[in-house]
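In what follows, subunit A forms one complex with subunit B and a second complex with subunit C.
Let's look at the complex of A and B:
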């Protein structure tokens, strides 16, 4: 089954927020993550697909069929909510069996299928407990089981891990991926956590102000962001305004850098992107006459365990870099291959 | 661990409540109890032998069930509508809805007579449309009309009781149920209703107790045409046919009905707790 948005627009009543001209396809077995800041429209996209709101324009397609006019119950999509939305008055197996109950399946069969599904997420031993007796991670597993037990046409995950602590989030991330791969189901993941999106999605969509800014693999978004906003949202970055000063040269506030300027005319305004892990630390003498080499002092030093994230104060600004080195730095070097030119902001 | 209050502090805090409880509950109930048995308990025998009492009991039980039930249904619908409003508008609407609680039963009755009585505004309006004012104007003076008038001040009580429970309900559960295949009504019945049921039962019990004991509205609207226990009691203390022991015995029956309704509600709450 494929899930598809075809030129979909929706505006919230009494406002200008919404989503605009969105076209997007999630293939069979594919996990597509939508990222973006609060209010970017990513949750609205999920609501449109789930049928919780109806599009003003465009079509919502499931396996090629327009379902834009169908109520949520007729779309056969499993939804996992940020707060899990388990039914507190039902036991775990009854929660998981609820979609089977509304489909008229006998009590014995639905209990058996619900317990089997709970087993797939490692919760079969708690089948007769109430949701209140579970931790957040356990509730999340049950919500996932409930969303998958009726073999839906697609799985929609709305910030499923944001209520969990960091350790459990990583564990659940792997769990969701395992179950999703096992089910081979088209999945839409809405998250504000870019690390979560990059680590489990086949494709990532970046949204801003209700519009798609970039669609690509996690690698595409990180390595070749469409603009400075994507670069800033996905991972850490150095972004400097600059101008192409000649063939292979770009001038910035911190100095002139040597890089590939193909496609940019001399004099063109650009944003210079350098990922911190691509900056090379210097602990000894610094040759500032060399393009891309800067002397500086450490303005901030963040210990992150395996690496340190440093802000190096240089003439004209700061260079952020990440290094395994433990000793003080005297400067940094930005190799030409580490530089990517983006449109000016 | 929080420090324990001293005994004298506890007594100090409890005393005003104990005085109010003694003066306004124990003393009157004691007096009524004494009055009911003043003639050796024969008042109860007279009540048991009086068909008007049994009709009044039946009328009270019907009114004490139907009016609260209707009020709970309307109150839940109103609360659902209120929850869809913006917070500021909701507060304003809640104030307007709560206004009937400040009126006495007599004022409510006269308000309904002015609106729906034989020369009432709505009755005359309906007469313009061809409805017989003798029929439409008589509605408010019937048992059904009395139930409607009761609901006027029972509905706000229901709204005030059920609104917090419904407001705290996680509406994502309804969306989850819809996405899992349940229709809108089914999701409400199977997912929301069980969770707000304790507050619905509490609202029913409270409004039932109010309806069973209401007196002013009934007297003003229907006089003694509709037989309910409060009006039967009134007839036992009116100038003609005064029978104070029977009135006290009737009072005890009313207290017993109210206590029973509240006890049933409490038992339900505990069974769910």
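Let's look at the complex of A and C:
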């Protein structure tokens, strides 16, 4: 089963917000995450696939069939909502059995299938409880079980972890991935949490202003972002405006850096990206005559446990870096291999 | 705070107690409390044909008003909640509330003008009376239901049910109605209480044979004090019975529905 957007556009009435010319495919068993800021259109994409809104143009395909005209109940897609939306007046097994009930399956069979499904998310012992008796994480598990019990053609997760505590979020992330892998179902995950997306998705799509900015593996997005907005959204970054000053040289506000300038003509405006963990800390003497080496003072020093994230004030700006070193720094060095040139913003 | 609450309760309860006391008093004029004990006033009330008829009429009007409120108010509230957006939503809510803003007398005169014409000669009929009560009570039902639907986040549950494969009728039966049960219950209690005590409109538009209890009650005050007290106590009982019945009926309907949902 594949889920597919074919050149889909949708504009909210009375506004300019929406999604525009989106083409996207989620393969069988694949987990695709859509990330982007609030209002980037990522939730709209989920609503279009679920059938809550109908596209103005383009087609929504499930397993190759156009479902754009079908109501949500006819699309056979499991959806896990941000607030879980478990029915408060039904016991857990009744919640999970509900999709089976509307399909006319007998009470005994739906109970046994629901309890079995609850078992897959570790909740079978609570089958006769009401949702109100559950914690957020437990409700999440039940919502996941309910979305999968009727063997849907795809799984849609709408910010599924945003209401959970940080610790539980990690655990549920693994849980979702485990259950998704087990069912081998095409899955769309909408999230504003780039870390969540990077850690569990096969493919990540970055959206901005209703358009796809980049689609690729988590590694593609992190290491070769399409532009500065992707670099800034995915992970931490140093982004400096610069100009290619010669072959292998870029001049920026903090000085001249040497790097690979292949593909950029001399004089071209660029954005220089350096990930903080690629910057090398210097604790002793600094040789500022060396290209890429900067003397500086610590402007901010954030202790994150395994690493420290520092802002080093250098002439002309700041360098953000991450290091496991505990001593004070006197400077930093940016190796040519750490530098990536992006289009100017 | 406690003193205010107690004073308020006394203020509220004292007249009722006095009424109850007076309804068993043989005579009550010029003294603080009635004198003598008698069942006479209740016996007279029970045998008075106009009171008996009014008692039954009131129950019929209340039942009809409650049922019409459910049949019209629920779909109307649902339509406002699910369909209306922005300006339409505001307009719909204002229009539903209009009957509350218009004095009942104005409504009653309007009814008299329109329904005493030759084209629509329905003044004095039972159904016109029920329709009047519906107009007066519907705003409360719709407002309460819309507010509760919003507060419940009903659209989330309906979206969830839809993605699980439930078509509209199944969603209504399994999700919407069971979730709205407490709201329906309190709406019906309110409607019953309003309808049973309604006087202004009923007094002006009810026919001689379709007078409601409060309308007939007014006449009791031209007679013996004990009789008036007994008649008023019966109204209180009537109100309690109507509220309880409508509440239980709504509860029963709800539990029937949710039993089917499992």
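Definition applied: the second predicted complex is superposed on the first by the 345 of 345 C-alpha atoms of A that agree within 3 Å, B and C clash if a C-alpha of one lies under 4 Å from a C-alpha of the other, contacts with A are read in each partner's own complex, and residues count from 1 in each chain.
The criterion applied here is as follows: contacts are C-beta pairs under 8 Å (C-beta built on N, C-alpha and C of every residue); 3 or more make two chains touch, one makes a residue touch a chain.
Because the structure is a prediction, the values reported are computed rather than measured.
Record, for the superposition on subunit A, whether partners subunit B and subunit C clash or fit.
clash
Determine, under the contact definition given at the top, whether A:276 touches first (subunit B), second (subunit C), both, or neither.
neither
Using the touch definition from the top, say if A:225 reaches subunit B (first), subunit C (second), both or neither.
neither
Touching subunit B in one complex and subunit C in the other: list those residues of subunit A.
Common to the two interfaces on subunit A: residues 50-52, 71-73, 75-79, 81, 83, 85, 87-89, 98-99, 102-103, 146-147, 150, 156.
Would you tell me which residues of subunit A are touching subunit C in their complex?
Those in contact with subunit C are residues 14, 50-52, 71-73, 75-79, 81, 83, 85, 87-91, 94, 98-99, 101-103, 146-147, 150, 156.
Could you list, by residue number, the parts of subunit A that touch subunit B in their complex?
It is residues 50-52, 71-73, 75-79, 81, 83, 85-89, 98-99, 102-103, 146-147, 150, 156 of subunit A that touch subunit B.
Using the touch definition from the top, list the residues of subunit B that touch subunit A in their complex.
Touching subunit A from subunit B are residues 170, 172-173, 175-184, 186, 191, 194-195.
Taking the touch rule as given, give the residues of subunit C at its contact with subunit A in the complex, in rising order.
86, 153, 156-157, 159-167, 170, 174-175, 178-179, 258, 261-262
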